[in-house]
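Labels for the chains are A, B, C and D, by order of writing; each one numbers its residues from 1.
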Amino acid sequence: MRMTGTRVAVAGASGYAGGELLRLLLAHPEVEIGALTANSNAGERLGALQPHLLPLADRILEPTTVEVLSGHDVVFLALPHGTSAALAEQLPEQMVIVDCGADFRLKDAEAWTTFYGTEHAGSWPYGLPELPDHRAALQGATRIAVPGCYPTVSSLILAPAVAAGLIEPDVVVVAASGTSGAGKALKANLLGSEVMGNTSAYGVGGVHRHTPEITQNLSALAGEPVTVSFTPMLVPMSRGILATGTATLKPGVTADQVQQAYAAAFADEQFVHVLPQGQWPQTKSVVGSNAVHLQVAVDEAANKLVAVGAVDNLTKGTAGAAVQCMNLALGFPEQTGLSTIGLAP
Amino acid sequence: MRMTGTRVAVAGASGYAGGELLRLLLAHPEVEIGALTANSNAGERLGALQPHLLPLADRILEPTTVEVLSGHDVVFLALPHGTSAALAEQLPEQMVIVDCGADFRLKDAEAWTTFYGTEHAGSWPYGLPELPDHRAALQGATRIAVPGCYPTVSSLILAPAVAAGLIEPDVVVVAASGTSGAGKALKANLLGSEVMGNTSAYGVGGVHRHTPEITQNLSALAGEPVTVSFTPMLVPMSRGILATGTATLKPGVTADQVQQAYAAAFADEQFVHVLPQGQWPQTKSVVGSNAVHLQVAVDEAANKLVAVGAVDNLTKGTAGAAVQCMNLALGFPEQTGLSTIGLAP
Amino acid sequence: MRMTGTRVAVAGASGYAGGELLRLLLAHPEVEIGALTANSNAGERLGALQPHLLPLADRILEPTTVEVLSGHDVVFLALPHGTSAALAEQLPEQMVIVDCGADFRLKDAEAWTTFYGTEHAGSWPYGLPELPDHRAALQGATRIAVPGCYPTVSSLILAPAVAAGLIEPDVVVVAASGTSGAGKALKANLLGSEVMGNTSAYGVGGVHRHTPEITQNLSALAGEPVTVSFTPMLVPMSRGILATGTATLKPGVTADQVQQAYAAAFADEQFVHVLPQGQWPQTKSVVGSNAVHLQVAVDEAANKLVAVGAVDNLTKGTAGAAVQCMNLALGFPEQTGLSTIGLAP
Amino acid sequence: MRMTGTRVAVAGASGYAGGELLRLLLAHPEVEIGALTANSNAGERLGALQPHLLPLADRILEPTTVEVLSGHDVVFLALPHGTSAALAEQLPEQMVIVDCGADFRLKDAEAWTTFYGTEHAGSWPYGLPELPDHRAALQGATRIAVPGCYPTVSSLILAPAVAAGLIEPDVVVVAASGTSGAGKALKANLLGSEVMGNTSAYGVGGVHRHTPEITQNLSALAGEPVTVSFTPMLVPMSRGILATGTATLKPGVTADQVQQAYAAAFADEQFVHVLPQGQWPQTKSVVGSNAVHLQVAVDEAANKLVAVGAVDNLTKGTAGAAVQCMNLALGFPEQTGLSTIGLAP
C-alpha cells in the first residue's frame, strides 16, 4: 500500500523532538505537514523558536487539542511524559499515533508506577524494529510507542549477545548523552555555561527511568530476567549518545562466536551497522542520521564482552525512529525520508 | 624539615603535563623554577608554546639532557612513556625525581611488557597517598611514580568498597576523559573539528594501558586478584575525567555500610571529598584543582554498588599529584601550592 | 536540459570539503558518484576516514591523477590552494570542473601573487550566483571557481548596501569561524584541547587571503574601489561562520531604505534569507544547509549600518555552493540536492 | 596601610560573578570571608550551587539585607543591574562597597536612562586602574563601580591609540563572549543544547548596554566625543571575551608609532600584557586570571588600526577587577590574591 499526501501533525513542535520530527518530515516524500501544536508557545511563529526549519518559518503554532489534531492521517506526539495517554484516547481509532513519550513503552504496570509515579496507561507496539520479532507488530499498527533514546542504543548493543545466550544475564550499561536528551526545559544545570567543559553523572543507582525499559527489552530476548545496572552521564555536546555495555561471558564463549552473532544479527538491517573490526563508534558519525554504529570486543583477561554503540538521540533515538515506525505503519519502504549519513565534522 | 628555594626543573615543559606542572609550581611558595626542557621545541620561547604562563613567557626551552637537569633539587619528568627510565638512571641519586610517565608505575614486569612492549624498568613508590598504606612510602622518597590519570580516579572510587570487602572482586570501570589526556600529539582524531560535538570509545576490551594499573591498585587493596574491565571514552572537553565503577555487592551488604565505608575512607584526606548524598560529581567542579569529588550509590534492584568520581586529569590526575608527592618527599605540608577550588563555570 | 546519471568525481575526498561534497552528492538525485581520490590517503577505505558517509564506507580512495578523473562528467576539486591549476589544465575541456580551492577566484594577478605568493593561474566564473550579474555566467559553464567561505557570507551581508549606494566604500568585516574552515591539517593550534573553550584571532591586519576576494566582490558591486578591513576569529565549534559587516551610512540614508534594499536584493533567492526584524542570525540554524541567514540594523548614534550573516562554511561556504554551481552548469534546478534546513540543536 | 583579617561579604553569592569573587577571595591572604547572601537561593548550602568552592561548601546563603551585610569592612555587590543603588545607600559610609553591577558606571544621566530605562543613581570611581588617571581615584575609595566585561577589554585595546591621537574618533568594536557573561538566568537561548556548536549575534546596532560605557571611556581619553559601533557575539565557551577594535588611522601615522604607543601605555601595568609581535591573543591564555593579552596591527591597504584583546569576563572582566579595586581601596599591593596565569589547555 503506498499513499501520497499523507497528512501528518506534530504535537509538541516547539521542543527538540518536535523540531527533529519536522526536519525529517520536510524531507519525506510521502507526507504533507499539517498542524503544528504547542502549549505555552501556541500562537508564536515557528521561525522564532526553530529558526533552522526555514521552510516552516511562517507557520503559527496552534494549541494542542483534539480538534486541531483531528483530520490528520498521522499524529506524532512529542509531549512531556504522562500527557500522551489522555490525549491519545480522544483521538480517532483509525488515526496512526506515534508517541515519542514514555507513556506506552512499558508492559509492566508496576515498573511504570515505580519509575513514573502515576497509573499505567497500557502498552503499545514498541518501535524498535531491529529487535527480533518487533517489526511485524509495527506493520500496519495504528498506535506505536517510540523507544527512549538510551534504551534504543543500549538494547541494540547487547541484543545479539543476549539473544544468542553468550553472556550472563547481568549487564552494566554506562552511556554518555548530549544535552538535547534532557529537552528544552529551563534548568540551571542545562545552561551552556554549566554544560560546556563539563561531564556529570546523574540518575545513578538504578533510578533513571530508562532502566526498566532496557530491562524489559533484554529480558524478553533472554527469556529470563536480565539484571541491568544503568548509569547515564551528561557530556558537553548537543546531540548523540555513546553507550557501553559490559557483561560476563558464559563459559566457553569465544571471540569468534561473538563477532558472528553481531554480524548475523544486523546483516539485513539498513540502520544498524557493525563497524569493521578495530574501528569504534563515535557519535558524530551518526549525527542527524537514523544509523546506529556498533562494535563489540571480548576482553579475555576480564572475561567480559564489551559492546559500544553510537546513536543520535534525537534522530534514531526519537524522531527518526518515529518516522521509521510511521513508514512501517503505513506500508512505505522503511527507510523513506531517512538517511544513514551523518553530519561531520 | 622545611626547605626554601628548592630548585626544580621540568623536563617536557612544552606539553600539557609540563605546562600544568609550571602553572602549579608558579604558585608554590617553596620552590624556585629552574630549567625547563623540551625536545623538538628546545630553543623556543615558552611564551610561544604556553602563552597562559605569563610570568615565564620569556624563558627559553633547553634540551632535555642530564647536564641541564643536574643541579636541581627536584626534577619532574613529563616525558613520553618509555623515555624516563634511561634519563632517570643518569641523574644523581639524592635528587628527587618525580616521574609523570608510566615507566615505574607497574610492579609486574610481565604486565609492563604486555601493555608497553618493552623491558620493565622497575617500580618506584606509587604517588597516590590517599590509597591505604601509600603515604608513608612517599615521605622522604627520592624516586616517585605519579599514577596515570584514569587509575587515580578509578582506584579511588572503588578503594573503600574493595578494602572493606563490600563488593565482589570483579569490577567494571567506564570513564569519560577530556582530550588533554591524549597529550599534544598531532593526530587527526584529536583535531578540534573531530572532537567537538563528538563522543567516542577507544582502547576497548582491556587493551588500554591504564588497565593493569587499576588492577594492581585494587588487587593490592583486596588482598586477592581483582578483575577489572576498563572502557575509556573521549568526550568534548579539554580537561577532566568522570569515572564510574560498578560491581556486584557481596551478600548482605547494606547501603549504610557502603556510605560509612566511603565516609570513613577519606575522612582525613584533604583532596578527596565524598559529596553529600544526592549530589553527584561533575568534572567542572574540580577543573584546575587537586580535588577529587566522589559519590556512591547502591542499586538494590541490580544488586550493584555504583561509584562515581571526578578529577582533573592534568591536576590531581598528573601534575597536582606530582606536586603533592614532592611535598611529601621534601616534608612540606602536603597541600602546599595546591588548591581544592575548581574553576567554574 | 536535464541529465540523469551524471558521473561525478571528487578529488580530495578525504578532507572536510571532500567529505561534505560526498554527503551532499549522496542526496543528489541526478548524479552517480564515481572516483574518489586522495593524496597520502590513497588506498584507504573511505569508511576509515569519513565514517559518517556510511553508504560509501567500502569505497577505496584512488590517487589524484588525470587518468582516474577522466571519464567523469563533473570533477570537484577539493585540493590545497595552488594545486588545482596544474591538474585542471590537463583535464578535458568539455568536463565540468568545479574548483573549491582559491586558484581561479581572483581576477587581479597582482592580488593573487601578493596573497598566495605564486603566479596567477587565471580566473573562472565566480560561483556566488546570489551576487548581482553572477548567475548567468555560471549557467552552462565548464569551469567554476567556488568562493571562499568567509567571502561568501561577507560579500552577501554587504552586497545590498554597496549595490544600492547606501554606505561609504570603507567597510569593517569581523567574522567568527568554526575550525573546519582550517581543514584537517595537523597543526597544534587546531587540536581539540586548544580549541575548546577558546576564541582566538588570526590573520589580523589585512593579511588573510580572503581579504582580496571580499574586496573584489564589493568593489565590482560599487563600481569603485571599496576598502575592506577583514578580521577573522576562530571559535570553538566545528562548523559555521558568523560574519559582521560595519560601514558608515551615506548622508541621508534611512533605516527604511536599508531594510528595503536588503529585502529586495534577495527576494527571489532561495538560499539567502533575511530574517524578520528583531531576529538575529546564528550559525546553528544553517549547519548542514545551503542557507544563509541575514539581518541588518542601523545604528543611528554611530551613523553605521551593521549587517550580520550566518553560513555553514562547509555547505554554502564550500561544498553546497559547488553543488549549486554544478546544478547551474548542467541545467538542473538550482536547488537540486540542497537543503535550506539546518541541523539544530 | 596594611590590614589583616579584613572582613568581606559577597551579596549575590549564588551567581557567576559571586562565585568568581569567592574563588578569588579564598586565595586572598588578607581577607576573611564573612556573609554570603542571595535572594531566591537564601537558605541553601553554597555547595549545592557552587560545588567548585569546596572550602565553602557548608556555608548557608543568607538573605541580602542591610542587617546581614553590615559589620563587614568590604561588601561586594554582585546583583542584577538596578538593585545596587537602593542597597548601597543604606550601608555605612565608611564601608568599602565594590559594585559589580552597572548602577554607578555611567556619568551621564541621560545615557543611563536611555540604556537602562530608570533614573540615574550617580557615578562612583570607575574601577579600571589601567586607564590613564584612573588609579588615583581608586586608592582609598569607599565606593567603586567595577566596569562591564566588554568595556574593560574594549577600552583597553583602543586606549593607547585614542590617547595618543593615532586614530580617528570613530571606532568599530566587535567582540565574542562566552556565555557566563549572560549570567545564570534561565533563558532558552542560553541552554547548552542551543549554545554548543553555535555562534550568534545579539544587541546589534548600538543597543547593547555596554556601548555608552565604552563611549564614555574612549571619549574621556580623546578629549572629544568618540563614536563607537559595538557588536557583540555569543560563542560556545563558558568564559572569555575576545574583542577586536578597528579604526581609521590619522594621516601620517606609522606602524612604529602604533607599536610604541601600545608598548608605552602598559609598560608599568602588571595585568595588561602586549604580546610579542606576530602572536595574537586567545581567551584561553587568560581564563581564570586577571591578565589582559593585547596585540595591535596596522593594515596599510585599508588604512586601519586593528587591536585585539582577550580577557576572562568573570575575572579581570568582573570579579578580578573587583578584588584589584579592593586592594587599591584598602592599600594592599594591587596584585594581592590575583594571578596572571591562565588555565590552559
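By definition in this document, a contact is a pair of C-beta atoms (placed from the backbone, for glycine too) under 8 Å apart; a residue touches a chain by one contact, two chains touch by 3 or more.
Everything quoted here is computed from the prediction, not taken from an experiment.
S.K.: Please identify the chain with the largest separation between its CA centroid and the CA centroid of subunit A.
M.R.: D
S.K.: Give the chain pair, either A-C or B-C, that is connected by more C-beta contacts.
M.R.: Spelling it out, more C-beta pairs touch across A-C than across the other pair.
S.K.: Which listed pair, A-B, A-D or B-D, shares over half of the residue-numbered contact pairs seen at C-D?
M.R.: That interface is repeated by A-B.
S.K.: When the centre of a chain is set as the mean of its C-alpha atoms, what distance in Å lies between subunit A and subunit C?
M.R.: From the centre of subunit A to the centre of subunit C is 35 Å.
S.K.: Rounded to the nearest whole Å, what is the centre-to-centre distance of subunit B and subunit C, using the mean of the C-alpha atoms as each centre?
M.R.: 45
S.K.: Two or more other chains in contact with one residue: find those residues in subunit B.
M.R.: 16, 178, 180, 191, 193-194, 196-197, 236-239, 282, 284, 287, 344-345 - these are the residues of subunit B that touch more than one other chain.
S.K.: Mind pulling up the subunit D residues that touch subunit A in the complex?
M.R.: These residues of subunit D touch subunit A: 16, 178-180, 182, 184, 186-188, 190-197, 236-238.
S.K.: Show which residues of subunit B lie in contact with subunit D when the two form their complex.
M.R.: Residues of subunit B touching subunit D: 16, 19, 23, 26-27, 45, 47-48, 50-55, 180, 196-197, 238-239, 273, 275-276, 279, 282, 284-289, 291, 293, 339-345.
S.K.: Which residues of subunit B touch subunit A in the complex?
M.R.: 170, 172, 174, 176, 178, 191, 193-194, 196-202, 204-206, 211, 227-229, 231, 233, 235-240, 242, 244, 246, 248, 280-284, 287, 295, 297-304, 306, 308, 310, 344-345
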